[in-house]
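Structures for review follow.
Look at the two complexes coming up: subunit A is in both, with subunit B in one and subunit C in the other.
Moving on to the complex of A and B:
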């Protein structure tokens, strides 16, 4: 990934003309001193675990008794996992979940964010209130929705039946459970999109709209031809963050459905946790974690590359 | 006409957004019987037993369940505050260097730092679980603080870099011409200029550290449990302790809400700087 920011293009020349030998070495000292603590922590907490994880994934062993049965099995963990139909089910479920909730969040978030950029009385208070779902712990969100979606005494079914519609068994059927989880995730994270979208929309210079108004542009034209393209990089970052976060979603399902009914709402993350910490098949869990890791890193690299291209365009 | 459609849609979203929050608040004051009343009751006797058990006061004082929750609240405060302070400190240093200097591998460093946001917690957890046990970090606050730093330092570096990019480089140049060291310029001139940015970064990191669940749930067993973990444990063998969960949810959101309102202006700026700085 390349780092491009506007200020850098002009600086090297400016700095090299000003820099003397003494300053250069003090600069190197500053870079080293300021970066090494972060680098050390990340090597210890990220690089080292990932390398160990990859090596674990070639072994068959359990964290319960790490010294016994530590057996090299090569790629067996991977071939077993990839031929496991249940795992494919989890990938399909995760994909459906990601698609439903991310598209809902983007559409609602952009719409509400666009409306909130207009100044009106009490906007700051309303804005803060609307951000509340995002501030809650995902576990609380899961339990709260589980409470509201209970088929017998939940308030959602009460509202549905008072509208004259039939009650839905939200959490005990596979498809409604998917939508229940998507509704909870959308509830929690749409505010994040609103936050980013509002920030992006406010960054667009007023003069551009004024010029468009002089030319007699319609509101729809202004939104689709000016606002959206000009805030595309920020919105794309929002999309990337939400795609990655919902792909690795675990906490919400832990509290909301517990993976049920059956194992129909188990995401891939959930499967890793279950294999590692309920069954203690550490080798197999490592292999699954490596697969998940590669998918997410691959996905984000593609998206980030696209983002950089976008940055060049605008 | 379009105006009305927009208003109706906005009202619908506001209902969807605020309804559950309101319901959380109402339910947190309900006793057992009122919680499960069908149809739901709007007028009821206010029951604070959930809050009492969260803070370990009143009827819940000294009971086994209350003890654990108060402890968890203290753990949550200690872990997320120190994790936030350290992550923001490291992120500020790294962000400053990345904003001001060109050095080999800078792009790789920034991507590596950002990749902590992409890592699924469960993936590294498989390893942390073993490593923490070996190093004696399992079920300790220090272990959780380490996790909080690692989970937030990437975000902190990126947002802070954005804020530093917004400070003109002439600040340091003038300081150096006037005979001050680069370090002096950083501490006494540049840092005060990005105070708002530091506040915003701290706000974000605090929200994530305060609500973190996946790591804490697996790396703690008794002593170092944080409040989100304790809440999930309230769904134990005796059924789900709804009142306690709802009250704990309200207690958990209050500090974040206050923090968010105080830093709301910087937050918006932080987001645009952080992301627009690159594009």
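Moving on to the complex of A and C:
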């Protein structure tokens, strides 16, 4: 058997090797042909802006007054920013916001996704309705929540006072504003986690659960020992995307608090936008954007590496 | 270990009856094999015993206790599924001890039982690997190890060998049979492969169209089929069937001109006053050498020798039938066949049931 197999295999191999050279070069041309439109778009839309962003960050200049010229300042923009206490405050605030809203979204999203994996009447309708917040624009969501959270006539305070509790000044204090923004972001983006979690959970074959049922696993044991680890790769992707996205959150705060009171609810992205388009310190804003970019790249690299490791295991 | 009883078990999916009024007792320690074509209800019955499928009607009893309302985990059963059901995120060691850990067995016990099954299944080298990296044969071994590791009262196997290569399947079949006898665990095994059923079973439960057709040990199932279906389903090549048309004297075989002498058909069959269909296993048809008790003029078409035996086909009218001559030396002419009288079985041509005699239990 083995001998015949080898002889069968060897004939086509020899024949094809003669034509390989020609095929290879035309194949490469074809690959390049197909890739070039995307490559061109990527170069103009991503590579060029990033390179110019990095180069701007070494200059002191303003896009408002280009005729005043560019002044090379080396790393001055960076040293200035990193020694600025107000900026550190923004990092801390952003970190808190990311932590609160991403953990809320993951926990609620996974829980609801798990419930939606079970078959029951009206599941598809509920699922569709749950997806709706995700379709809205963040600014719209921001304004929506701003109205709901208005300390005088907002519906949230109405409910609170009707319970006999004191009204909360949601948007004019830093900590309540943080939670308000986290609530709005969670309301908007939990559906995304639900979507991915449900897809991951439904991908687990039914026999796995039946085997676990026969093996005497309790629902919680099944969930933590099987469901969660088996859908971890997908949930990690969801986590990466939410981390990155909430880390650069800007528009929600713009609509909800305008960064105030003072600058206490300004995220790092908010600061970039303000520096770049209110003060027009283009060089400084570029440096800040570069810092933000590296943090996000670092964050995703850690998680992608983790993801690859998990991929190898299965 | 437990005795399993099914009493008037019916399972319906909407208007479709997947299992129709099944009654069966599987003795403590017995190896029962459910055999039947795809969709006959054998897997559904097994799932009902496991508790994964609710019974529409009837009772399932373990040692006389009704278990219908118990969850699979309460029934103390273990199951091996047709398609791989190992937990892909856990390594082999974790997979095997999963049922013990899930039930909160003490660590020392877990270690002892793990050593025991690893020894039986020779899985020592695989413990750190993941299911995705194992060949199908080994994954089913692991699934079996996981099933027996906690001494279940009943072992349920749903076509456990069907995903495995032919060559390895044979080996696994022997090991499985050996293991079952050693552990003495009550086992219900589902398969559509009659060879698996014949070689493993203490008793075969033959199912067709949601009903039990025959329950018998492999020998009786082969030699004394109680219906045309049993005859056709068991044995390879399968039983030959031909309608007997009464003529004077004797019976004409189907649309051929050949006549079966009347005395070849037992009296109770002749007296039954029913349309008769005769079944005969290929091994009971010979190439004639003049010594056959019943000789019939039917043209032999092809003869293939496979070592010790000769397979041949012969024509009954327009139809083709098969015979196996088990004698080593070539003998016989190409114009007649011989039938062994004890190999002739007679069925009601309309109902397919065996025309009963006193010595054959229907």
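Note that the second predicted complex is superposed on the first by the 284 of 314 C-alpha atoms of A that agree within 3 Å, B and C clash if a C-alpha of one lies under 4 Å from a C-alpha of the other, contacts with A are read in each partner's own complex, and residues count from 1 in each chain.
FYI, contacts are C-beta pairs under 8 Å (C-beta built on N, C-alpha and C of every residue); 3 or more make two chains touch, one makes a residue touch a chain.
Values in this document were obtained by computation on a predicted structure and should not be read as measured data.
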| item | value |
| --- | --- |
| Room on subunit A for both subunit B and subunit C (clash or fit) | fit |
| Which superposed partner A:92 touches (first subunit B, second subunit C, both, neither) | neither |
| Touching partner for A:302 - first (subunit B), second (subunit C), both, neither | neither |
| Partner chain in contact with A:208 - subunit B first, subunit C second, else both or neither | second |
| Which superposed partner A:165 touches (first subunit B, second subunit C, both, neither) | neither |
| Subunit B versus subunit C as contact partner of A:226, first or second or both or neither | second |
| Touching partner for A:217 - first (subunit B), second (subunit C), both, neither | second |
| Subunit B versus subunit C as contact partner of A:107, first or second or both or neither | neither |
| Partner, of subunit C and subunit B, that touches more residues belonging to subunit A | B |
| Minimum distance between Cα atoms of subunit B and subunit C in the superposition (Å) | 12 |
| Shared subunit A surface residues [contacts with subunit B and with subunit C] | 314 |
| Subunit A to subunit C touching residues, read off their complex | 205, 207-208, 210-218, 221, 225-226, 229-230, 232, 313-314 |
| In the complex, subunit A residues that touch subunit B | 1-5, 7-8, 11-12, 14, 18, 23, 26-27, 30-31, 33-35, 37-39, 41-42, 45-46, 49-50, 52-53, 56, 63, 66, 108, 111-112, 115, 124, 127-140, 143-145, 147-148, 152-153, 155, 158, 162, 187, 190-191, 195-196, 198-200, 202-203, 219, 233-234, 237, 241, 244, 247-248, 250-251, 254-255, 269-270, 272-273, 276-277, 282, 285-286, 289-290, 292-293, 296-297, 300, 304, 307, 310-311, 314 |
| Residue ranges of subunit B touching subunit A (in the complex, touch as defined) | 2, 6, 9-10, 13-14, 16-18, 20-21, 23-24, 27, 36-40, 90-91, 93-94, 96-99, 101-103, 106-113, 115-131, 146-147, 149-150, 153-154, 157, 165, 169, 173, 176, 181-183, 207, 210-211, 213-214, 217-218, 227-229, 231-232, 235, 240, 242, 245-246, 248-249, 252-253, 256-257, 260-261, 264, 267-269, 271-272, 275-279 |
| Contacting residues of subunit C [partner subunit A, same complex] | 50-52, 71-73, 77-79, 81, 83-90, 98-99, 102-103, 130, 132, 146 |
